[in-house]
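Letters A, B, C and D mark the chains as written, and numbering starts fresh at 1 in each.
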Amino acid sequence: MSERRSYTARDPEFAARVAASFGCQGVMALLGARLTRIEPGLCEIQLPYRPELSQQHGYFHAGVTSTIADSAGGYAGFTLFAADSSVLTVEFKINLLAPADGDLLIATGRVIRAGRTLTVCELEVEVEKEGRRSACAHGLQTLIAVADRPDRPA
Amino acid sequence: MSERRSYTARDPEFAARVAASFGCQGVMALLGARLTRIEPGLCEIQLPYRPELSQQHGYFHAGVTSTIADSAGGYAGFTLFAADSSVLTVEFKINLLAPADGDLLIATGRVIRAGRTLTVCELEVEVEKEGRRSACAHGLQTLIAVADRPDRPA
Amino acid sequence: MSERRSYTARDPEFAARVAASFGCQGVMALLGARLTRIEPGLCEIQLPYRPELSQQHGYFHAGVTSTIADSAGGYAGFTLFAADSSVLTVEFKINLLAPADGDLLIATGRVIRAGRTLTVCELEVEVEKEGRRSACAHGLQTLIAVADRPDRPA
Amino acid sequence: MSERRSYTARDPEFAARVAASFGCQGVMALLGARLTRIEPGLCEIQLPYRPELSQQHGYFHAGVTSTIADSAGGYAGFTLFAADSSVLTVEFKINLLAPADGDLLIATGRVIRAGRTLTVCELEVEVEKEGRRSACAHGLQTLIAVADRPDRPA
């Protein structure tokens, strides 16, 4: 993006709300992903490598990369939603720029358009190998805010 | 697609080659995915529900849906590749048509354009609930064939 | 798509409503595009070749292909909307499967998911050369229905 | 993108090569688009409003927005290619962030990954209204370099 916009969360408890929702995503625990940064309009998720996360060449599987990118974008958008609403991914597109060959994946979602119904996020994933980070995926995602619906099952 | 094209695999061992590669994807075992159908230009992967695969509302996570859709498309393309080549996902886009609420996900990848370098696949995911299947995701994927490179680590 | 779904338009005047909106799209006249088929959940647009529509090799420009594909999808969705609503494209993705080398482009949009707010369409474009049609582009599009807003300027 | 990378063109005549190719795109003249900026890995195209470029509400048509975004990305990539190669769009995805309501469209393509075969670009489109610019579209595009093929018809 040309410039980074700054956003204000209307729910002051946005960080706790995101953390609670993240804790309800079974797949984040299964993969071993951690919520490492949460700000209005931004979310970062990290995932250390394990052979269980691989595709056939031993790199992180594109689907794993996509899974944490999708959650990072979803929670970036969710920081800006009303407290009683819920977030769903409408669609996303991701380019795998390079093999995700490394020890750690870092996915960052950033809101680039916050609308009443639809929110659009940019997704970036870097891979860290021997202390050096490089871009491995870049995506674009559309989210929908579902009003008056708690984000977690009762 | 208007009509389904039929393809011929140039490597008669394509099914064994796909199965061997699938067996090397650590994440397929971690999720519990099964390779259930393999034909020239087509691959189907099934994944039974477990709470470990969920997003915050308890449905299959969009990233999990995307992961098996990505592998189904990748292997659909791989059936048509030369024996000594390898497959990588260039990019994919997926629309989550409905919450993936059910007991079983069924992802099908179908080649819609087989090129020398690039192959394009259509991705469809259905969810089965109480014996009834319905569409839950639809995607489009670009693959690249990497020549003279074995698909698995030595 | 596995099977083609059939849809019912809630507005019996859907065909006239689409034709009137199409007539208001200045760019369709500029390109020379014609609305050739309109059914509930489906729209076809044809565009004869002219050098003014070309990219640098003389084929139809990918943007021209995308323009009629976008309108075909938008109107496919619009056939199913309420009479007093309006349609906007949220996003689309298109794969250019082969150079659009021929005398005529035929773009078809088909609804694959009709929701209250969001509608998803599959986009297919064929090119006809010396009487023979072949696929040249395939896409996926998300539309939003804007309620209580006439589709055309007063 | 987190940081803007800087690129070096291997063909010192890249700007003349892009301008010549742009001049061969019939559709750029038909729309009235102008090549306004060309640097290694970057291209900007501007398009003043005319009613002939409109969708049904009078705004720039999403396809028109996409057309100049596609060319801006294509030429951003082309600046980095070898002199005797050609560029084709493999696919692109674009989010229409807001109605393109204004007097001028400005599309910028930026290379975010330059590979031997495939190049990935980020596409941004702004609309200017009464002297003020705002984002109206954001996209992601994959290009392929076709070696040993002149970019223009003989």
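By definition in this document, contacts are C-beta pairs under 8 Å (C-beta built on N, C-alpha and C of every residue); 3 or more make two chains touch, one makes a residue touch a chain.
Worth saying up front: this structure is predicted, and the values here are computed from it rather than measured.
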### Query
What is the shortest path, in steps, from chain B to chain C when you may only step between chains that touch?
1
### Query
Along touching chains only, what is the step distance from chain A to chain D?
1
### Summary
Farthest CA centroid from chain B: chain D
## Note on the structure
The distance between the C-alpha centres of chain A and chain B, rounded to whole Å, is 22
### Query
Between chain B and chain D, what's the gap in Å when you average each chain's C-alpha atoms?
32
### Task
Identify all positions of chain B at which a residue touches two or more other chains, and write them in rising order.
90-91, 93, 95, 140, 142
### Query
What is the shape of the graph in which nodes denote protein chains and edges denote touching chain pairs (line, ring, star, complete, other)?
complete
### Message
With touch defined as at the start, can you tell me which chain B residues reach chain A in the complex?
### Response
21-22, 24-27, 29-31, 50-58, 61-64, 66-71, 86, 88-96, 99, 151-153
## Note on the structure
Counting only contacts in the complex, chain D reaches chain A at residues 1-2, 93, 95, 97-98, 108, 112-113, 120, 122, 124, 135, 138-140, 142
### Message
Looking at the complex, which residues from chain C come into contact with chain A?
### Response
90-91, 93, 117-118, 140, 142, 144
